[in-house]
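Once you scroll down, you'll see the structures, which are given as structure tokens.
Below, subunit A partners subunit B and then partners subunit C, in two separate complexes.
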Partner chain A sequence: MANPNRSFTDQEAENITRVEELTYELKVEEVMTRDPFFVIPESKMNDLLELFRKNRISGTPVVVNHQLVGIVSIEDLIRCLQSNDLSSPVSKYMSTKLLTTRSTDPVIEALKLFVSSHYGRLPVLDEQGQLAGIITKGDITSGILKALQHDYQEEEIRRYRASHLFEDIVSDRSSLILRYNIKQGDFIHGGSASSAIKKALLRLGASPQIARRTSIAIYEAEMNLIIHTTQGGIIRVEIEPQQISINITDEGPGIEDVELAMRPGFSTATETVRELGFGAGMGLVNIQRCVDSMRLESVYGKGTNLRLKINLLEEESVGESSTPQKER
Partner chain B sequence: MNVKDLVQLIDGHLLNPSANLDREIKGGCGADLMSDVLASIQPEAVLLTGLCNPQVIRTSMMADVAAIIIVRGKNIPKETVDLAIQEDIALISSPFGMFELAGRLYKAGLPSLESPVGDGICDCGE
Partner chain C sequence: MNLQEIIRALDLQVLTKSVDFQSITPSCGYASDLLSCVMAGAAHKSLWVTLQAHSNIVAVATLLELSGIIITEDAKPDQETINKANDEGIVLLSTVKPTFYIAGKLWEMGFRCKPVE
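Then we have the complex of A and B:
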């Protein structure tokens, strides 16, 4: 069992699963059985047998005035049956060598005790040292499963809410606008805006194909802002139920010859940019291939404006094509 | 073929062990120009590339790439590995070159997931 006080390496930290996390996050009191059945030392073993049989349990604490004095399990009952001694009191067969866990302990502490002791159940004590409940390995398993399911449901609800955003809000025309400021020369973060847009679209319920086409087009444009502009630029994405409109603007330097810039293979990129894997002169061609309409306007010396549209209604959308779409 | 089989097949080293080893790989694509990748790759492919900057991961994320192989075992920058962890895309380095790797994968049954250049873009002949 791992020592929780030891520090983790980054590598190990990455490999920790949600289940392992939960064993530290969940408290014993969150998974234990509260108000368990109990007996007193004077109870007869015969009554214990009835209690076990009726309630299908295999062990119970022995209590005097809320204080735990022992624990008696089915193994003790078997020993008693072998000696045909059912009229004896519980105190004769109970175990008083007690391992307990506290209600405020993380579940991992109880797990450690289970592993080192091979006991099937542990009494749980509250802060006053009184019996608060009982915990078994089964309680831990179902507690963790419940917590995992809760995590999953929360994520589902978030996804559901996002994907029904447009149905839940009533207006004559609803749209969601995302804006990103892109810095010139910021190659390290290049693509982070497109990546965020792709995730937003998927969360809003867009199909993987739509999310892919949109983000590829925006990614090429984002890299263009980083590579070619003097001061970076702005990406504005407007999402509506029937279409996605993308507007990418910058304030210079502008494109000298738009027609030439659109030609496959034409590029003004520097050697450094090419070493990064860009500047092959395919960016604008690639954008056009992914969108349903594209309009590029540029004034040399002033700036460039690129407007893209992707239709979300199936009959109007053309999908990702190997040849560029005609401008509309 | 899944990511685990792939790592074995190419004597690879998985740089982000947190990646999903069971992810299915449907085919392959090899390129060093990211625009070529974006223009040609179909979803769920393994990408063979000699580039190792963070843009490789970004490109792969946009294009739904299932795993990335960096050819000829280069030293891969930390930003690239960090981004691969964040985006949860398997990043593998292999000692072999692009041709050798493409050959091994093809022979093992992975089809090409590169779509050829469309009419009107290709400048070859005619």
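Then we have the complex of A and C:
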């Protein structure tokens, strides 16, 4: 048996699915069948046949004074039927080579026994060594499904709470502000702020179109901070029920000619940056296409401030392809 | 046309973990190496052909919710990029063929669509 306390490397941990995780989290006693049917060694095989038939089971523990002494399954019953020997006691056919699991073991231990033994069921013993229940592969499957269902419901509730945030909290003007510090030259994390904002918006119940438009605009601005600034900058997103206001600021170098910078295809990106696929001169154009209003202010030598607004009330909002109106 | 058929027909190497490619049906195709153009032009769930292989292609594909990326001319993303793609559920495919050939083949196979206006 593998060491139950073995630790995982980060790489392994990343690849573990929720189901695998659950096999370590769930205890045998949480999924087993409690108070199972049982027989005593003196029971007749004929009674066993009736017990199996009536209750549609295929195996049962054999018990004397709460102590497990054997297990008898449908295979044993078949052997007995072949010899036409139904009047014999269970003790003649039961198996006494017993594999058991403890009620406090994680489910994975029971799974390992199932895999190595090909047994269909395992008796479960409590801390005193007395029979506490019985576990089958089916019990494990339904236990895991139940746990997954529980996870899912919790996630649903969390989503529901987030999407009703603005309805649940009453004020004259509620808003949620998200801030992201973007480092100059940090290409590795390029896109992580926009990705996080997109997830936050979806969680808050924004439509996929709104989330997409907002994240495209913020992605371009985020990459501009990474590529063009001297010290990076800050993205501030204020979410209100009726609009999203985005403010992107940096402290330099500033844009020399704002009008020229807005022209499609114009770029000041270096050759190295262009090789990475940036510097198409489409960043600001893309931003404009995605937002309902855009204001770009820059002082060369000082810094740049970009303010964007996206309306959340359908009728006021422009689509991704129409031309946004500039704020006057 | 699903991704499984495309992978088989173009003999693409799958760089990310295997998923049910038959269940992925790209909406359209897009070819460019300029990320801002992709941002502007690639449709939702489309298949992107590029020779860029650095980690930002995953960020772009994630934001646009693309079906996958075909990286051409044998450009190979690093392990970190592949891990990121796995985390975000972006399919990375690789080929030694150039972009023009791949786009042409896809078109020939009948994988056609109108560009985003």
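By our rule, the second predicted complex is superposed on the first by the 241 of 328 C-alpha atoms of A that agree within 3 Å, B and C clash if a C-alpha of one lies under 4 Å from a C-alpha of the other, contacts with A are read in each partner's own complex, and residues count from 1 in each chain.
Just so it is clear, a residue touches a chain if its C-beta (ideal position, glycine included) is under 8 Å from a C-beta of that chain, and two chains touch if they have at least 3 such contacts.
Bear in mind that the values here come from a model prediction, so they are computed numbers and not experimental data.
On the superposed subunit A, the two partners subunit B and subunit C do not both fit; they clash.
Once chain A of one complex is fitted onto chain A of the other, the partner contacts of A:114 are absent, as it touches neither subunit B nor subunit C.
Applying the stated contact rule after C-alpha superposition, one finds that A:198 touches each of subunit B and subunit C. When the two complexes are overlaid, the chain among subunit B and subunit C that reaches more residues of subunit A is B. By the touch criterion defined above, A:180 reaches neither subunit B nor subunit C.
Of the two partner chains, subunit B and subunit C are each touched by A:220.
Residues 14, 187-188, 190-192, 194-195, 198, 212, 215-216, 219-220, 223, 276-278, 280-283, 285-286, 289, 321 of subunit A are contacted both by subunit B in one complex and by subunit C in the other. Contact residues on subunit A toward subunit B in their complex (touch as defined above): 11, 14-15, 187-188, 190-192, 194-195, 198, 208, 212, 215-216, 219-220, 223, 264-265, 276-278, 280-283, 285-286, 289, 321-324. On the side of subunit A, the complex with subunit C involves touching residues 14, 187-188, 190-192, 194-195, 198, 212, 215-216, 219-220, 223, 276-283, 285-286, 289, 321. Contact residues of subunit B toward subunit A in the complex are 16-18, 32-36, 38-39, 43, 49, 51, 53-56, 58-59, 61-64, 79, 85, 87, 115-121, 123. Note for the complex: subunit C touches subunit A at residues 33-37, 39-40, 44, 50, 52, 54-60, 62-65, 80, 83, 87-88, 116-117.
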